[in-house]
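Each of the two complexes below includes subunit A, the first together with subunit B, the second together with subunit C.
Our next item is the complex of A and B:
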């Protein structure tokens, strides 16, 4: 066998991942994915072992609920064919590997820098001399937006090439937020420090990233999570989805200058995050999730409060959605704006909402189930037009779905498990992977441990990593004034991408 | 003189009322009615910062813009009372003195060399160009109807009495109101509240202005509203005594501000590409007024 088959949240000995030569590695992984829409690459990365580079590729099969892991040891002397020459979705992974190790790829369209890590291979590639794509023409003009965002949120530079009001091309340059999170995971020795890092990968996906980290850590330590922990995490994930989706709906309304929607959705988000405050003392759920323990047990009293919050939330939310979707001026902004076709999302390999908007079924909750999702029998919400309207509709339906799930979960609150197993020391020389469907989409964390069980490598893939490309494609041939609404309808993370 | 004083008083409250209406509709208390004026006073106390890439155009433009609107305000009558300046054909003067101000604000935006401001300037120029025929056909029809060519004579000769004139007055109000919205960059054409440069029209053109200059530009915006409001009021007051018309003036100004606030609360703005279409449609409404005028005069068919 050239690869090993594992499932979500599984830890295996590093030596069990077959090591094959690059040509076989290339054929194997591209072979997995070509003409298989149900398979996608969840992570592809390299790390240094001695003076060689080990490449590990993880391909997930959504139908069989399996992950195929293969590896290759490459000595960084010869020129190798890029996966990108056959599958465009590897474009960013290979740019990252090239940026870190200077691997010479052939068949890659443009090995641009991704996030300028401190120890990058070519120190001359700096954020100031990023090679932008440009077109020489009398008729066209370039518009540069950023790196300082108009709403002073996070930094990113957007370079538009426009013909009058029409966008021909958008290039997004990120990397301004790079903090070296993956490296910090290796340097920080205490578990609490690591969890705090995981909480701060992306401020709007605290639950998602912390859950992924906790799953990895528990899996490496051989810890079996009890029902109450799984319950709390599922609940937190769904509450985070409700809160952020509602906030996004508000922001989308702000962008089309629909004041009523903006203020009503904004108000609706508050009780949900305030409930998190009541539950765990932090509105963004920081501190709620810890590997191997249930810090804030969910009891009957909290359940009653949550029911009350949802009972008040639901009718208002439904009514506001009804108002929004029947408002002609809003529909005219949403419909057929920022369309990304099925073929495009497939070739970019977007995840989460950015895939489901165009009919591509990517939802880890069904394809690689974890926590309480198998019992909930989750059905992904799929739209087919790939426009702003689809993305807004998905948000609305997912909020309603999450409310349904939470009500179902609350019917049966598991008993608090007082007999916690201690977290054992992490297994040595192993590889673990965890996939979590956060509100934005699939989060993939991978870890490799060394001889004493210390972390040798920690790899994070936020849904934004690929989805930024979908945004760049969505605005083509749209009016430049529609860019903000497209951007907001994706609501991607800068720091999640830059790490 | 009376007209100028009334317009200045209306300008003090107008924008405050819009903001307050929007706040109340979104469930907030909102700032005081005089907040916009307080903001402007604060700005007047500050000095302006000029970018090194700009030329003298950028420095004189706010003043030219401001004075052009003051000049235009002087032309507007109030019922029987003439504006400070009044002559035959003064409505043409009115339109082009405003256009001069706009021209300066456009070239000052281009002067900064920013790609955003260039886009804003091109949009502003396009939309003003489309709005112009609507205004001239409207005023031309009224001139044809009354046989006069100055604002004061047109308005005092305009007797609303028959059904057709009611229709004309309503259409004319609509056209003037929409022109006011376009000229002041309000919804649904432009969103004055947005922070997104790419979707702005007027706001993006003044991104580089600061301090005193910005204060002047904002004041000009307030004045413009009151000026268009006064124009609409004039359609109705004719020869009615001042005891009725002065309260009526403020009621109409208030209703107009309230209406703008309501529109901005309960509707999304247009897609940029639809704006041109919408504005150009105003011209056809003006044409209706023109045909109405011909009908009344018996020159139609």
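Our next item is the complex of A and C:
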């Protein structure tokens, strides 16, 4: 066998991942994915072992609920053929590997820097001299925006090439938020420090990233979670989805100058995040999720409160949605704006909402189930037009779906487990992977441990990693004035990308 | 039209009438109160993920604290986080809470620059810079201006350009990749101007304190006018902090 088959949240001995030569590695992994829309690459990365670089590729099969892991030891002397030459979705991974280790690829269109990490291979490349694509022309002009934007948001630079008001091309340059998180995971030795890091990967996806980290850690330590922990995490993931989707609907309304929708959705988010604070003391759920323990037990009193919050939330939310979607001035801004085709999302390898908007069924909750999702029999919400309207519709439907799931979960609150087993020490020389469907889409964390069970590598892939490219494609041939609404309808993470 | 009025009616009254006296719902990790109880201090100090706890006497530095609450959970007799959300001050030392200390955290009027009251007392326009912020403090800064908290009623608003601003608000530990942009933005703000740090990451670096990817040299060049702790800072902490700084008592 050239690869090993594992499932979500599984830990295996590092030595069981077959090590194959690069040509076989190339044929195997591209072969997995060509003409297989149900398979996608959840992570592909390299790390140094001695003076060689080990490449590990993880391909998920959504129909069979399996992940195929293979590896290759590369001595960094010869030029190798890029996966990108056959499958475009690998371009970002290979740019990252090139940026970190200086591996030279042939058949890659442009090995541009990804995020300018502090430990990059070529220190002469700096964020100030990023090589933008440009077109020589008398008729065209460029518009540069950022890194600091007009609103209270994170930094990133957008470079538009426009023909009059029409966007021909958008290039998104990131890296301003790079804090060296992956390296800090190895340096911070206390578990609580690692959890704090996971909470800080992206402050709007605290539950998603912390859940992924907890699943990895529990898997490496051989810890089985009890029903009450699974319940609390599922509940928190769905509440986070409701809160952020509602906030996004508010932001989309702001960008089409619909004041009523902006205010109403904006205020509707508050009771949901205030409930999180009543539960765990923090509006963005920091402190709620910890590996191997249930920090804030969910009891009957909280359940009654949550039911009340949802009972008040739902009619107001539905009423506002109904009004928004029958408003011609809003629909005319949403429909056929920022379209990304099915072919494009497939070739970019987008995940989460940015895949489901164009008919691509990517939802870890069904394809690689975890926590309480098998019992909830989750059905992904799929739209087909790939425009702003589809993305807004998905948000509306997912909020309603999450409310349904929460009501179902609340019917049966599991008994509190008073005797948690202690977390054992992490297994040595292991590889673990965890996939979580957060509100934005699939989060993938991978960990590799060394001889004493210490972390040798921690690799994070936020859904935004690929989805930024979908935003860049969506604005082509749109008016530049429609950029804000396209951007908000994706609402991607800068810090999750830059790490 | 009728539908719109119906929707407006269904929202009821959302705004918080007095943001200086509002109560936060449920549990909240605000200003800690440390008792004089004898505990294993070394264990307590070692527990903290961000080295915010010092011993002999026991003290918590809210500029470093990530408000995870683990110390209060393991030493409930020693440390308790109160629901007091007024945490902002203009002096870094005032963020250090010592054992037996249960006095409110306030801005020290004696050390506030004179022009702040006279020029920014009735109107303050701020330019926010996220420099490695994880988007949680940014969310709460935005929430400060929503219909519930409505900071705009005090004439405090965020503006798009540093040219229109009276000062900058920094969130995040300031990454190397963002350091130059922070400086350029600050330079573009006309004098007199203030600097406000929001969130633990901005005040001390938080969990990123010793990361090789951050560059905090900007902060050592200027006087910081206001520290607003939190992870993220609560909208009530932000609003009360800014009011405490700019309004004459």
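Definition applied: the second predicted complex is superposed on the first by the 498 of 499 C-alpha atoms of A that agree within 3 Å, B and C clash if a C-alpha of one lies under 4 Å from a C-alpha of the other, contacts with A are read in each partner's own complex, and residues count from 1 in each chain.
The rule is short, and it goes like this: a residue touches a chain if its C-beta (ideal position, glycine included) is under 8 Å from a C-beta of that chain, and two chains touch if they have at least 3 such contacts.
These numbers were taken from a predicted model, which means no experiment stands behind them.
Using the contact criterion defined above for the overlaid structures, shared-chain residue A:127 touches subunit C, although it does not reach subunit B.
After overlaying the two complexes on the shared chain, residue contacts for A:330 are found with subunit B alone; subunit C is out of touch.
Shared-chain residue A:117: touches subunit C; no touch with subunit B. Contacts of A:27 after superposition: neither subunit B nor subunit C is touched. In the superposition on chain A, no contact is made by A:75 with either subunit B or subunit C.
Of the two partner chains placed around the shared chain by superposition, subunit C is the only one that A:206 touches, whereas subunit B remains out of contact.
By the touch criterion defined above, A:190 reaches subunit C but does not reach subunit B.
When both complexes are overlaid on chain A, the residue A:255 reaches subunit B alone and has no touch with subunit C.
Once the two complexes are overlaid on the shared chain, A:151 sits against subunit B and subunit C alike. For subunit A, the partner touching the most residues, choosing from subunit B and subunit C, is C. Note: residues 150-151, 260, 263, 267 of subunit A belong to the subunit B contact set and to the subunit C contact set alike, using the contact criterion stated above. Interface of subunit A with subunit C (complex): residues 116-119, 127-128, 147-148, 150-155, 175-180, 183-184, 188, 190, 192-193, 195-197, 200-204, 206, 247, 260, 263-264, 266-267, 270, 274, 277-284, 286-287, 295, 315-316, 319-320, 323, 493-495, 498. Within the complex, the subunit A residues that touch subunit B are 141-145, 150-151, 165, 253, 255-260, 262-263, 267, 327, 329-330, 332-333, 337, 479-484. Contact residues of subunit B toward subunit A in the complex are 22, 25-28, 115-116, 118-119, 187-188, 191, 193-199, 264-274. Those residues of subunit C that touch subunit A in the complex are listed here as 3-4, 6-8, 10-11, 14, 24-29, 47, 49-50, 66-70, 73, 81, 127-143, 146-148, 158, 160-161, 172-173, 175-178, 180-181, 185, 201, 206-208, 211-214, 231-232, 234.
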